[in-house]
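Once you scroll down, you'll see the structures, which are given as structure tokens.
Next come two complexes built around chain A: one with chain B, the other with chain C.
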Partner chain A sequence: MKIAVCVKNAVDETELKVDSGGNPQLRGAPTKMSTFDKNAVEEALRLKAAHQGEVVVVTVGTSEAKKTMKEALAMGSDRGILVSADPMAMDNRRTSELLAAALKKGGPYDMILCSEGSSDMYSGLVPPMLGELLGLPYVGYAKKIDVSGKSAKVERALEDSIDVVEAPLPLVVSVVSEINEPRYPTLIQIMQAGKKPMEELIPETLLPGVAPAMPLVGGMKAQAMTRKRVVFEGPPAETAKKLVDALAAEGVLPR
Partner chain B sequence: METFYPDHHQEYSEVLTSLGAFMEKELLPISPKIDTGEVKMAKPRRALLKQGMCQIAFPEEYGGLGLPFSVYATAVEMLGTAEASTCLSVEIHNAVAEGLSRFATDAQKRAYLPKILSGDKLASFTLTEPASGSDAGTMATTAQKEAGGYSINGSKMFITNGGEADLYLVFAKTKKGPSCFIVEAPSPGLSFGEDLKKLGMRGSRTSEVIFSDCRIPEENLVGEEGKGADYAKEILHSARIVVAALNVGIARIAYEKSLAYSRQRKAFGKTISEFQLIREKIADMKTEMDAARLLYFYASRIKESGGDYSSEASQAKVFSTEMSLRVCDSAIQIHGGYGYTTDEIHRHWRDARLLTIGEGTSEVLRMLIARRELAKLQ
Partner chain C sequence: MSVKIWAFSESPPVANEVASVASAMAGAGGGSFAVVGLDESGPLLTGEEKLVVRADTPLSASPEAAASALAEAAKEANPDVILVGSTRDGKEIAARMAVKLGRPCASEVFGAALEAGKLQGKRNVFAGKLTAEVSLPLPCIVALKVGTNTALPPSSAMASERMVGTVASKTKLLERQEKQKGTVDLRGAKLIVSAGRGIKKKEDLALVRDLAVTLGGAIGCSRPLSADMGWLPEEHHIGLTGITVHPDLYLALGISGQLQHVAGIKDSKVIAAVNTDKSAPIFEASDYGVVGDLYAVIPAMLKELKARQH
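Now for the complex of A and B:
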């Protein structure tokens, strides 16, 4: 199986600072491999272990994204493709177009794995867009993937149910975090990752004549969350009823 | 790292970041249960060694990464923050590898080092005896030469990893003086006392190691007969840098908890972090920790350059171990009654308390430092 995994060098949301006006300070913020992308890489490696083949990591990012690429290579991926562009300066459509162009150039792939959404912006738009741009079926929110011959049986984790679908290869799949437990690369693997091949592509070559898209998101504000701190006093039978009524009034529980 | 290694900091940072992520997820959350004994450290320790914790500063030909010693020392500080007992066990294990890499024959290195560095074999350093600690020259354990090998008799006390380890680096007297041997477990004549109850570092096993006509082959002699005391000193100089790093790590977790608590706990209508006397503590804790880190880093860099770092290593250990007691004491004070009654706060002080004693007491190390200084005048 030839598998591509799309990863993102995302802003580390745990280190994100917000200024006094509530604006997240994205520029210069520490970055890391988007949390759920590790699950996508892990799943690709598991599929490779079961079916042989190759795992190629693809990302759109600045030079800082090389560390994310190296981490995916250290986990066991075979090679990497970096499309040198700043994903923060473009909308999801342009990111998807660049990824799709890079995937077409190096393809065909039997499966293209993504995570359900990046841990910084979490729009979840890139995987379905990739399916559309590549003309491939897209299966989202996979919690289990079984490949047999030329098709894949995928369990999809939805809010209230689990869908089981079967789709022909090649296809695009986005995974949820419960699909697996990502491995830690050993220190030796980290040291050796730098020796694995990493190809750099430039947007102008992949999509000649296409101008960088404007960001769709006009701005973001941090929202302070405050708790209501409601305390019910009295015998448990009474307070339990009050609690249930209050939760129902908030719409948390059905009336 | 960038300040000290402008050309390689990215590579070293990647190694440390990955190791840190492992420690944060796999060790930090279980650390309280390792302290109480609810969780045994053997499995997470093995997983940590499998990650490559002890491969960092050893040559690639023996399965190491060939990185500078200070990268290992920094990893130790991180481990001290995440899980002090595991750190103590790993530090001793690594010290044995250090001794073998410096003094063992090529055959011994090939036979043992890759397995120790990968964590397939756990190692233990056995020098201290019931009646001799820092005064190792008075050791009573003997290694009697006999046909094809040696017979070891005596006992060693307060041995970290004792009873758990697969391999013991043993110091015993021959006719030529203190000598160094490898004893593999199990071996006939090798037995262990009970796991000693301790004030802190409760997750690591500490026991007596007993030798009764414990016969080992001749090829298990490390280096030359009669040079064991020199080897032990060299191993301990290096281990003192590591212990200094471990104590910065312990201080750091106590400090971080205190910092967070000071911004949460309110008194007289404001958080206690608003009070000058609490701020003074925070400032002193941070300053002393950073000073200790620079001391262990400085000693590491001298070691890397091949210079004599024995005094600097001792300075780092004396300062860092005493510093961590002060910082952990301040942490208890900042937490008030909760600090005194909660394991999660006072265990850091209990853990730190060992290390002004182990691997060279503060008193003995001050003697060494002063001796070096006075010798400069002669």
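Now for the complex of A and C:
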């Protein structure tokens, strides 16, 4: 089975600093592999373990994204493809087009895995756009994937139902984080990851003659914290009473 | 410019929310809006103009088929703005239509309005740490964040029908296991009692249940309890990848308050928290906090609440 897994290097939201005016310091902020992408990589590795084959990591990112690529390789992926471009400087359609072009070039893949959304923007639009652009079947929000022969049975975690869907390979799937528990690479794996092949592609050769795409999202600002932040400490009987009193005064307890 | 807006969601309650945004947008800009549905299954409750899109196979079984049929119908009607509910299937439908129709698209948008010939709105980014401005040129497709809008009153207007013939789906729905409705209605709940990692064993959830029953509230949880422990079904999971709630009171018990969890509770009127760790981020996001062990604080709260009932 030839499996591609799409990952994104994202600013680590827990490390992102905001100044007193509410402006984020995005330049130079620490980055990481987008949280849920680890589940996509894990699922790719499990599929490889069960069906043999190869796992190829594909990303659109700046040189900083090599770190994320290396992490996916350390987890056990075989090789990487980096499309050198900044996903923050384009819309999700263009990111999808670049990924689709890179996947076509190195393909065909039996399965293309993504996470349901990135931990920075969390749009969830790239995976279905990939399916649409590649003309492949797409199944979103998978919590279980069973591949047998040339088709897959997938359980989809939706708001009001669990849908069981059957789709032929090749197939694009996005996964939810409940699907698995991502592994941690060992020290040896981390050291060896740097030796695995990493190919670099540029947008100009993947999509020749295409005008730059502008981002649709901008003007990011921290929301003003409007909570009262009153904290009670002391013996439970006292703090519980203070809390119940405060909530009653707010008028949010049943009468 | 008279703007034409479509309001769609595969989920009838969400469709109602989307219609209310479409109505406000059309009202402010002197435009018109139509509420769009699929098949015969989802009755369109609201909207003076209703359109039902049908094909020779059911569209509600496949977001791919739904997107194909809607895009086909949109080519003819040419709405300037297509509003979709940002549900899991809604995002797929929006993304597919965006590619099919060559339109820009954004998801999880709130506060959407037409300004200076563009669709402007906001969305949460970085797990809700920041809010970003979204600006799309028309024509465009926007998936609206669920649970942020009010519903429109029902209308008895008759729906017109648009038959698009044959649409294909590369996937096949084998089984739809509906989740039990009524047991969990967190989205509309006025009071939510929510549990996190501070709960040590599954049986101890009884304590949380007692408090929820006493307060007449619904039960929610942070991700570890549903996804990792499996102590509560996934539909109780509140947060970025779960559901967004906006109760009058959100009571977080033993929840540390990761950004991803806080992203789902921001619109609550009052947030209160109980946590043993004084430096837990949940206290930053709360109006009232108790530093203490929930195993001692909940019984004390129950005692206090019962004393008041007399």
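Keep in mind that, in the parts below, the second predicted complex is superposed on the first by the 222 of 255 C-alpha atoms of A that agree within 3 Å, B and C clash if a C-alpha of one lies under 4 Å from a C-alpha of the other, contacts with A are read in each partner's own complex, and residues count from 1 in each chain.
Convention: contacts are C-beta pairs under 8 Å (C-beta built on N, C-alpha and C of every residue); 3 or more make two chains touch, one makes a residue touch a chain.
Remember, predicted model here, so these are calculated numbers, not experimental data.
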Chain B versus chain C as contact partner of A:K70, first or second or both or neither: first
Chain B versus chain C as contact partner of A:A49, first or second or both or neither: neither
Contacts of A:G219 with chain B and chain C, given as first, second, both or neither: second
Contacts of A:S161 with chain B and chain C, given as first, second, both or neither: second
First (chain B), second (chain C), both or neither touched by A:T186: first
Contact breadth on chain A, by residue count: chain C or chain B: C
Touched partner set for A:G194, first chain B, second chain C, both or neither: first
Contacts of A:I202 with chain B and chain C, given as first, second, both or neither: neither
Residues on chain A lying within both footprints (that of chain B and that of chain C): none
Complex contacts: residues of chain A adjacent to chain B: 67, 70-71, 74, 184-188, 190-191, 194
Partner chain C, residues of chain A touching it in the complex: 11, 13-14, 16, 18, 24, 36, 91-93, 96, 116-117, 119-129, 131-133, 136-141, 153, 156-168, 176-178, 181, 216-223, 225, 227-233, 236-237, 239-244, 246-248, 250, 252-254
Chain A partner contacts - residues on chain C that touch it in the complex: 11, 63-64, 87-89, 91-92, 94-96, 98-100, 104-108, 123-136, 170-179, 181, 191, 215-216, 223, 226-228, 234-235, 240-241, 243, 248-249, 259, 266, 269-272, 274, 278, 283-293, 296-297, 299-301, 303-305, 308
Touching residues (chain side chain B, partner chain A) in the complex: 10-11, 14-15, 18-19, 21-22, 50-53, 55-56, 65
